[in-house]
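Note that the chains take the letters A, B, C and D in the order they are written out, and that residue 1 is the start of every chain.
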Amino acid sequence: MKKLINRVEDVVKEELEGIVAAHSDLVRVHFAPNYVVRVDAPVSGKTALVSGGGSGHEPMHGGFVGMGMLDAACPGEVFTSPTPDQILEATKAVSGGAGVLHIVKNYTGDILNFEMAADLAKADDIEVEAVVINDDVAVQDSLYTAGRRGVGTTVLAEKICGAAAEAHASLKDVAELCRRVNANGRSMGMALTSCTVPAAGKPTFDLGEQEMEIGIGIHGEPGRERRALASADEVVEMLTRPIVEDLPFKRGDSVLAFVNGMGGTPLIELYIVYRALSRYLDGVGVKIGRKLIGPYITSLEMAGCSITLLRLDDEMTRLWDAPVNTPGLRWGV
Amino acid sequence: MAVTYEQGLAFVQGFAAAIAENKAYLTQLDSEIGDADHGTNMDRGMQAVLAKVGSLEGADLSQLFKTTAMTLISTVGGASGPLYGTLFLGLGTAVTGKTELSTEDWGQALAAAVQAVRARGKAQPGDKTMIDALQPAADSLREAAQDGATLEAALATCEQAAEQGMQATIPLVARKGRASYLGERSAGHQDPGATSSWLLVRAARQAFTADT
Amino acid sequence: MKKLINRVEDVVKEELEGIVAAHSDLVRVHFAPNYVVRVDAPVSGKTALVSGGGSGHEPMHGGFVGMGMLDAACPGEVFTSPTPDQILEATKAVSGGAGVLHIVKNYTGDILNFEMAADLAKADDIEVEAVVINDDVAVQDSLYTAGRRGVGTTVLAEKICGAAAEAHASLKDVAELCRRVNANGRSMGMALTSCTVPAAGKPTFDLGEQEMEIGIGIHGEPGRERRALASADEVVEMLTRPIVEDLPFKRGDSVLAFVNGMGGTPLIELYIVYRALSRYLDGVGVKIGRKLIGPYITSLEMAGCSITLLRLDDEMTRLWDAPVNTPGLRWGV
Amino acid sequence: MAVTYEQGLAFVQGFAAAIAENKAYLTQLDSEIGDADHGTNMDRGMQAVLAKVGSLEGADLSQLFKTTAMTLISTVGGASGPLYGTLFLGLGTAVTGKTELSTEDWGQALAAAVQAVRARGKAQPGDKTMIDALQPAADSLREAAQDGATLEAALATCEQAAEQGMQATIPLVARKGRASYLGERSAGHQDPGATSSWLLVRAARQAFTADT
């Protein structure tokens, strides 16, 4: 295992110490339990947004705390959902009297821990709503399974809902908006290499020089299918076709196109992917209204990418464009 | 013969030891169909439990299990934290007021606890989760108790049922938890949570049948 | 070789097509010869900033074209300096009548090609000055060698000088500022893994599981020294001590601390590095006035990092804070 | 015997063929002490040259070499683009007006061209660059010509000198170019540019001594 870390037990703690050393103008970090809050939390009268999940997806979520995005993020251990007390404390720390929205990615662990935390918060008279993001088309959805994972759309939901909350939308409205974003977002990912969970010390899976995994999530888990290594254009088609057909995205739709790096893939490749994506969408008559390109929801040092498309309406577009000032996303300020 | 507080404590400590010993194995199983953290998660939690339960002054079995539950909930995270937390909370609730546990008591407690885990996680037997080890364990224990088996025999049957249930997860296609994302590819691998649950049931058998 | 690319011959062209598909609000791209210019070039009366070098360092330089930073970037083939005609065309395309500054990293190829281009531009009556960045303390400097490489300070110089030029500083003043930035900036890098040049098809060097390279540049070349893998804290000390001693940075200095990812190292590790750096600097009494953390000057998918320290003065600090709007760096707008 | 335009063309084309054949080898040498692109760079340039020089109508040797130079400068980049460009520009300038080259003519042209490369790159012999192949080649050619050697013999000596110079780069510590960043670690590796320069001198020998 080759990583720039000290002891594997300290990875999350030291990463958080790095974040606060770097961004004390934007965020504060609480340790034991660990959570990141915006520097001016709680913002009185504002619907507070709390998200969280396992670590290893940086900049998500800690890097998305700040003006116009999240009020708090709860980082668990690497790839491990945070605990209820952690989420509860963060929820209390940002509650400004207008309620708290939990943005939860659809993993059993995240769901269960956030549920417990919400129950505890409600017992403390904090109004909590939870919206579950489940946008990964690689997973067959069914009543009898855990359903689809929450992946790239999470980042977009946090930005868009963060802008609405910043403009003092009510908890109900922000939650509804969040559900709308989720309903209009679809993602799919792929890996060229595995990642190594620090505590595990070796790659989660082995992948041959001529192989890739299609339909991965963001936890270094193997994907739906192992296939022969293909060109960027072919990979983009493998990811984009199921996304487009699933919603379905239609001729004339305007989308936010998000090309995400999994952590080990450099920008030069992401631009080659974006090129292929823009050509593909052009071919099916879908217009790119906004875009995001870079490593925003990662799987440690995994090489690979994911594509997320979000069908935009005017309100979402306006909220996407609104100012944001976080360690990981910044514009308009 | 009945289960004492000391045996209850030995069960929790024995489970912690078994997890520590099998940490890499559990994580390896979780690499195959999950995210390579089940051993690390459970070990982090059970080490925290160990640090707590050694010094519980004047606690009873219910408090012991509840402390274990709360510690797991606040240190494990992931799916297993709330689920094992719920399991121990279920045990703790079921044994409230008891200073010793008969075979029936333990059987009822385990059955109630497994029911609570199912309520929380919504998994059915056959979904390739810890339920596939826990449910047969609870069922066989209750049957053995009803049949008037000795504690020793009942616990042995229970452990066997858990082990078989764990092995039976191998061919299954997962419908719950992280392995479900793999679809058909989840078949052919043993479920990590069912494996840690077998360790739990085994730790109970070892602790409850040891000489005290 | 596992990369999200199509044909190796098309990597640079398709990356540029991706950039223009994504950022047509900020930049235009000219093909054959290849260069990226800000969308409003030439800006009349403004000193124009042109940089360039081999590709494979994204977002540098194409990602730094736009308001408040570069007017043009000339991307060569992967790790290959651009050609004189390419630089000449870019220089002409952005020349707004107030002269053009070439920001050149100290590599034989970059120096020679920019020199030829400057001669050709002067023959076309364009006033050109060149400033060479040579901040890499891993390389022993000497009159008889090629001297030190230009690495991380380049990004900082482009931002700071870009802000000065945006405020209509003269060519002479911007060039002098650029020399001052270079004089006050020092860097050093390390690698956990090699990268693979697409056309070469295999890693440039082999590195064992328990080894790392200290004193690398940004072209996938081996470093000064191969050492046993060490912890993040130790690595930071190996890089920072020579940097601090070289200038030397002194107790009471305020610096811009730049922790750069080499392309394959995720943010979670860069924050652990930043934490160690901030502690180290604290120990020697150097204050971090500004910071930059992320993959800004990369070596394809190499895992590793570099550290750059720039001693700040008030003018540099003000110019660093000034608005910038490029694909790779954005704030204040 | 004297070098004709056809032989000059065969030299340029032969150099392109040698580069194409040794592309992976040159890049491999550049991986060891550089950035793994010398073969790719030179091949990109010489393929562009091939595409140009085949269809030069009514050109003389000077135009042939100058076209080669300009094409290399605008397609290669890196250190080798300007340096090989300068070399061919030097050759082209030196043979201006000549329709055939005597041994002396070629010797003077090569000497002038190598001098121009040195002026541009500021490398001395012993710095572990292409100069270590080119300078001995030029020196030995001039000596052979002064000693009245046949073109064939002079070119053979010249090629030998280049080859020896190339091999002599192996133990050297680089002082110029990218390999200089490696310091002592650059010793023990053959310089890629010296290797392509040997291929150039060899291509000249082959083309100029072939039956026309």
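Points to keep in mind about this one:
Definition applied: contacts are C-beta pairs under 8 Å (C-beta built on N, C-alpha and C of every residue); 3 or more make two chains touch, one makes a residue touch a chain.
Because the structure is a prediction, the values reported are computed rather than measured.
The chains other than subunit A, linked only through touching, come apart as B | C, D. Taking the definition of touch as given, a chain qualifies here only if it contacts subunit A and subunit B alike; none does.
Between the Cα centres of subunit B and subunit C there is a gap of 55 Å. Mean C-alpha position of subunit C lies 32 Å from that of subunit D.
Between subunit A and subunit C, the centres computed from C-alpha atoms are 29 Å apart.
Residues of subunit A in contact with two or more other chains: none.
Subunit D has no residue in contact with two or more other chains. Chain contacts here run in a simple line, from one end chain through to the other with no loop closing.
All chain pairs in contact, by the document's touch criterion: A-B, A-C, C-D.
Only residues 33, 54, 76-86, 107-109, 112-113, 115-116, 136, 138-140, 142, 144-146, 149, 197, 199-200, 204-205, 217, 219-222, 224-225 of subunit C touch subunit D when the two sit together in their complex. Against subunit A, in their complex, subunit C makes its touches with residues 2-7, 11, 14-19, 21-22, 55-56, 58-59, 63, 192-193, 209, 212, 229, 231-233, 235, 263-275, 278, 291, 293, 295, 298, 300-301, 303-305, 330-333.
Interface residues of subunit D facing subunit C in the complex, by the touch rule stated above, are 27, 31-37, 40-41, 44, 73-83, 120-121, 175-178, 180-183, 185.
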